[in-house]
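Next up: the structures, one after another.
The following pair of complexes shares a single chain, chain A, combined with chain B in the former and chain C in the latter.
Here is the complex of A and B:
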């Protein structure tokens, strides 16, 4: 085990952008990294995988009772069929908000997050403050996001300590009867699927 | 106590900044390259996800607190690379490759990236039947620690050590990070979602209605009265 004060990484340049560049160049020269493969990875998480995927699932859950039941009980094979499977999303559990319970997801030990459904996590999700406080004072954290829960509603916080990834199913807003799945999906924000927001209200 | 990464319940971090929430597409270029480098180096097959988490946990606490997120990833990656002989400390220091790597053929190729990442890497395994069922009251280990490897990797947060909760979900058997992070085998164990009342974890300061659920491996748990 390396000594705590003599880590190899300390040999790299101190400016982080230069550090990344130096490592990429070294690994490319050693044949361990193909820069065009890095471009592909970035393209995948920038353009193909993101919260629009999770929003599509939530909108379908709101619209289709059989699909809703499947997602709550045994979602993985259906998610695979929908192309919503992959690294950091091999074991998904949907947790549904109700009039009684508001769910919220965190990873206090690192930054576990359902990549195939939500993409790469936002900065605040990875911050010390969110990791530290959401398990201890979730209502104060929700207030910082502008969320006030009705009196009597319980908060259940899911700390992602294993390879299981949790996705919050927000409550369907009133006034959306008859909406298409596409129109519903537009109301399902990333933060509403982490549990730091509610689904958006439809425009009057 | 545990290492600095074990953030749950820590005081003094200040408010959460919801504005720090831009999409990955708007991230700085070096953030994107750092993420991609870490993902691509996983293709080399020299370590596993638990070992890469542990490498970030082993960062000096001063570095851990001062590094931004992707700096931690780069720090952990560089340390893993040297630990596993993929690059040498001299190569890192000079930036000069001492020749092509003998494992270069494992490097991620652009045409295979999407298929491999979308294929996933499931962590469920065959193992002994679970000892606990939904509704079982369990108590977590106190204090949190890796019982096989001194100061080793573990996934029981300090804030939930020594607490009594109730099994709410059985997840099947999952690869055991305390073993896998140290290349001592996958040693799969039954994994459970265990629910704790917020007051069990935080005392009277917590709202009596609230709950926290954690995923915990069987060997972290014992039956509670």
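Here is the complex of A and C:
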């Protein structure tokens, strides 16, 4: 509980925080983990890897037909060349939205997610509510995210696993003809690549 | 369910969430377990915890994560439960005996 008066001693961390400290101390003493390496992992996912990576790929798919085809058929070697290969992204499948189908991604087992393209999943992706309901009632979930699909448009829900991760390719918004890949990437939000949003409309 | 939009939000809301995440990734990378085995165990813990309440994707999620990792490491002998309990007590004592504002260090054991 936070309080302002003088502390005779240091603020005691929470029970799980102390258990993690114990774990880290033990594993470090045994030489199984290296605290510097742990800091690097945290820095990478906190500051360097995020949805901007996936947005870059989607924008290029919108702009470059050969790249588009490659990503849908056999993306891994190209992603590797782009430096977008890594932990939890060894096998990525791109699922593309169309006028007939809207795709969305969930992990009903835990929280599998394409880290190299999107970073660490947001809290709601990891919640029981999303994990259970996106399979049972995807349209209701989409409505809560403010996505109203035209009647007759199918919704396909892709359940990620530890082996296969999915990334939704949203539809390119109208009025973006001639946009640079950089300008297009700015319209591709994290949620649009999970499938709980559409790509943003360009500002008039 | 909370609508988060796309506002930048920290990947980890608590330092210990980041720490336990990094420990798990590092151990996997060093080949101590396969990620699919980890995901299976973690999924099972989430399922058990989810029986009694609807889990949020934050503190509940990382509590399940930590419990899974502790169990896994105890079972494989990488980190014995007794040693972890002792170190937790040692860290608690270190916090309680270090004056506020001073760096907290673990007393040398043995």
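By our rule, the second predicted complex is superposed on the first by the 188 of 204 C-alpha atoms of A that agree within 3 Å, B and C clash if a C-alpha of one lies under 4 Å from a C-alpha of the other, contacts with A are read in each partner's own complex, and residues count from 1 in each chain.
Just so we're on the same page, a residue touches a chain if its C-beta (ideal position, glycine included) is under 8 Å from a C-beta of that chain, and two chains touch if they have at least 3 such contacts.
Computed from a predicted model, the values in this text were never measured in an experiment.
With chain A superposed, do chain B and chain C clash or fit?
clash
Looking at A:189 after the superposition, I want to know if it touches chain B, chain C, both of them or none. Which is it: first, second, both, neither?
second
Residues of chain A touched by chain B versus by chain C: which partner has the larger set?
The partner with more contacted residues on chain A is B.
With the two complexes superposed on chain A, say which partner A:136 touches: chain B (first), chain C (second), both, or neither.
In the superposed model, A:136 contacts chain B only, not chain C.
For A:149, decide between first (touching chain B), second (touching chain C), both and neither.
The answer is neither, since A:149 touches no partner chain.
When the two structures are overlaid on chain A, which partner does A:12 contact: first (chain B), second (chain C), both, or neither?
The answer is both, since A:12 touches chain B and chain C.
For A:86 in the superposed arrangement: first (chain B), second (chain C), both or neither?
In the superposition, A:86 touches chain B alone.
Who does A:72 touch here: chain B (first), chain C (second), both, or neither?
The answer is neither, since A:72 touches no partner chain.
With the touch criterion stated at the top, can you tell me which chain A residues are shared between the chain B interface and the chain C interface?
The answer is residues 7-9, 11-12, 16-17, 19-27, 30, 32-34, 37-39, 41-42, 45-46, 87, 109-111, 119-120, 122-124, 126-130, 133, 141, 144-146, 161-163, 190-191 of chain A.
Inside the complex, what are the residues of chain B that reach chain A?
On the chain B side, the touching residues are 5-11, 13-25, 27-30, 32-37, 39-41, 44, 49, 53, 56, 58-60, 63, 65, 68-71, 74-79, 81-83, 86-87, 89, 91-93, 95-97, 99-101, 103-104, 106-110, 113-114, 117-124, 151, 155-157, 159-160, 169, 171, 174-175, 177, 191, 193, 195, 201-202, 206-207, 209-217.
Using the touch definition up top, name the residues of chain C that touch chain A in the complex.
Those in contact with chain A are residues 1-6, 9-16, 18-23, 25-30, 32, 35-36, 38-40, 42-43, 46, 50, 54-58, 61-63, 66, 69-70, 73, 78-79, 83-88, 90-92, 95-102, 104, 106.
Applying the document's contact rule, which stretches of chain A touch chain C when the two form their complex?
The contact residues of chain A facing chain C are 6-14, 16-27, 30, 32-34, 37-39, 41-42, 45-46, 51, 87-88, 109-112, 119-130, 133, 141, 144-146, 161-163, 189-191, 197.
Can you name the residues of chain A that touch chain B in the complex?
1-2, 4-5, 7-9, 11-12, 16-17, 19-27, 29-34, 36-42, 44-48, 50, 83, 85-87, 89-91, 93, 106, 108-111, 116, 119-120, 122-124, 126-136, 138-139, 141, 144-146, 152-164, 190-191, 196
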